[in-house]
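Please read through the structure below; I'll follow up with questions.
The letters A, B and C name the chains in turn, as written, and every chain counts its residues from 1.
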Amino acid sequence: MTNFTSIHDTDNPQALVQQVLELKQNSSPSTLGMGKTLGLIFFNPSLRTRLSTQKAATNLGMNVIVMNINGDAWNIEFEDGTVMNGSTQEHIKDAVQVISGYCDVMGVRTFAKLEDPQEDYQEKVLNNFIKHSSVPLVSLESATLHPLQSLTDLATITETGNSTPKVVLSWAPHPKKLPQAVANSFLQWITATDAQTTVVHPKGYELSDEFTDGVEVSHDQETALKDADFVYTKNWCSYAQYGQTPPVEKDWTINQQKMKLTNNGKFMHCLPIRRNVVATDEVIDNSLVYEQAKNREYAAQAVLQNILEEL
Amino acid sequence: MTNFTSIHDTDNPQALVQQVLELKQNSSPSTLGMGKTLGLIFFNPSLRTRLSTQKAATNLGMNVIVMNINGDAWNIEFEDGTVMNGSTQEHIKDAVQVISGYCDVMGVRTFAKLEDPQEDYQEKVLNNFIKHSSVPLVSLESATLHPLQSLTDLATITETGNSTPKVVLSWAPHPKKLPQAVANSFLQWITATDAQTTVVHPKGYELSDEFTDGVEVSHDQETALKDADFVYTKNWCSYAQYGQTPPVEKDWTINQQKMKLTNNGKFMHCLPIRRNVVATDEVIDNSLVYEQAKNREYAAQAVLQNILEEL
Amino acid sequence: MTNFTSIHDTDNPQALVQQVLELKQNSSPSTLGMGKTLGLIFFNPSLRTRLSTQKAATNLGMNVIVMNINGDAWNIEFEDGTVMNGSTQEHIKDAVQVISGYCDVMGVRTFAKLEDPQEDYQEKVLNNFIKHSSVPLVSLESATLHPLQSLTDLATITETGNSTPKVVLSWAPHPKKLPQAVANSFLQWITATDAQTTVVHPKGYELSDEFTDGVEVSHDQETALKDADFVYTKNWCSYAQYGQTPPVEKDWTINQQKMKLTNNGKFMHCLPIRRNVVATDEVIDNSLVYEQAKNREYAAQAVLQNILEEL
């Protein structure tokens, strides 16, 4: 494995999932990463990603350097050819070439601006990192995908032993407009399995065709939830009316009553979660969310291990 | 030792003090913490605590992950049952369960809001951490106590060889209103020794009975200082008129003239200190404050060592 | 080596440059720093310095603790004798004594305020660190000098094999007013070699005599660039009219046409660089800037190694 920015960076997603679960079973310390440095670059806040990736790296014996761009460092310019006499202080191409010179592997968390779909869906920031980095790059979430989360989610589902589950990806309410990254990425990974997947969301919240091709799409939450084994919930804003949040009439919060429609289904969410908005306390308190969070560590460790082995 | 959040977490404070002083004498590196991760969570600024605890952990071979909540991560919700459609992004119960999943020991620094005495004195935030953490928890200062500081202070006093000192805890002026945590905690620990303790403060600045029971309380600073061996100085705001700072007429700043009333007494303060407000330069420059700061490292190391031994 | 704050801390700059280049050739891991702690203190943003120094320290087996003053910690008071009842919360003398108690070596990055030349050129903050630190101190840039950068720059020039180059230090435009530190420091180090050095800048931008003594000074950029082997470019504000930016008529941006005047000269800059302001994309993309950035790691490692050997 060289980079890890989407499912396309592994030729065997199921084998990678198995590797994650084996690392969880057998967490004996490794010296594979001794003397190697992982540089983690954050453009926005992070808790699980920050901590789980650091933990994974130290499990492998790596040193970790964390950098908060726009906090610890300089304002970054992303446009090529700009006359930089404004507020940006360093060009992305210079920052990435310099940072990667001090690291053996780099992780970067970028964000969707939710202004221009072209800019986000072309993964401008992530691709700048890939282009200018002299070392392998791990996406810690990008504008449109969150592969470490999705790998984690698959491992969490696989861990339950159900290999042909009915999985529902349900939109949920949220006070802020959020990117489509987690939903896109979940679909990219779950459709590579034998799961039977349905996406359910209010009209106007269709995801990009690229991710829903071949997936059943519904606008009726209660019908969709019927007999579900896993209910993966997430808010996202509109793709068609990019970055907008068209009005939603019904109540899309997941509650106990809705969960009773499922096949004793398990609730999943990537966290952080707005309690009693996305789902009720009762639902969250009887869910897989902490298992998911814990599995982030082993997902990151599997990816870093594969990258280190090919350095 | 499982948690360390007050003197009640040790059944032998004096033995713990001796352990601190022995670690200071013999600081040979330990491998006890190899492969173990300490997660440090800060809700507000910290210098001594941040650095001394990191140093203590690396002395023991531990890995350290530092997290600034409200800076690196998300805004935290503390109320149960809230509909989280406002500015808070993650519930404390989720954050703590997730973080503790990546750590073997957790340290947390919380703060008194100084609005509602019930909320602060019930240690709402700290207790949420204890309740939801799956690993041992060390208080790096809480709303009402600062046990690592107090353990340090006792070690610093014990180090001088005087086992039955006269100790004065004196209130001091400060431009901001500060919590009672350091004062409360100092009393909790010093009253477990054979020291003769007096608290002196302006009227209106009485501490909670819980901490002054059996301690001599005075409002006359000069009389109280007479023959003192140690003058522990700290500002705090009113407990009775919670969070208020009733007007003070006299000058409570500790100066050289006042120190001359003591038995060649040593000045102590937990730092940071407002020079020429809490005490004059001359007093601070001839004090135990740097010894105290240095001893924070060994206090943290003793506590972490005891916790690691019982993991 | 005890401290490293200017060229005067080494009695053989050329030998130090050779040591940097040897470390780059042979980067086998060292255990010299095992069990030793490097404390890095930043008063302002930093990318290269932060990362390269951390990397250098881990190359040597050291533990690193990073502290952002005015972010992670308290507001610092620099004046002696102040009655600290305002916004500053901890005196520099207390902060430094405390921090150095937890470290074996300390690095500090300070900044020129560009208000009072006396204050900056007397290196008030840096000297407070030196005065109050109980451990060796490495400057990560100070108000008037940037010795790790200059050591790096000399190593980068030496690496090319030209031992008697013509070197031009050229002023460049910038939307902000910047300190003279990099320019001063470069002159301090380059004049210790056999290079033939010219400084060229608009009138009004003269550097302090202390650094230009014996150096050719010109106000005609194109003439100065003629036959140059290295073009070191940097913005700085006025020293005589301290902190001002007198109007500049001509275009001082380095472009390809100007580079053609040189002896196939190499463009150098310490980064971060304002592209198409200081120099054009074309110039930067065919320059030594990434080599310089990479060499920062080995410069820091050489300095830390020399300090560790004398601990």
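Just so we're on the same page, a contact is a pair of C-beta atoms (placed from the backbone, for glycine too) under 8 Å apart; a residue touches a chain by one contact, two chains touch by 3 or more.
Quick caveat, the model's predicted, so the values are computed rather than measured.
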Exercise. Touch graph of the chains shown: is it line, ring, star, complete or other?
Worked result: complete
For this session: To the nearest 5 degrees, please report the angle of the rotation taking chain A's Cα atoms onto chain B.
Result: 120
Exercise. Using mean CA coordinates as chain centres, what's the chain A-chain C distance in Å?
Worked result: 39
Problem set entry | Per-residue overlap in chain A, given as positions that touch at least 2 other chains | 71
Seminar exercise, completed: Note: in the complex, chain B contacts chain A through residues 35, 37, 39, 63, 65, 67, 71-74, 77, 80-86, 89-91, 94-95, 97-99, 101-103
Exercise. In their shared complex, at which residues does chain A touch chain B?
Worked result: 29, 42, 45-48, 50-52, 54-55, 58, 68, 71, 175, 271-277, 281, 284, 289-290, 293-294, 297
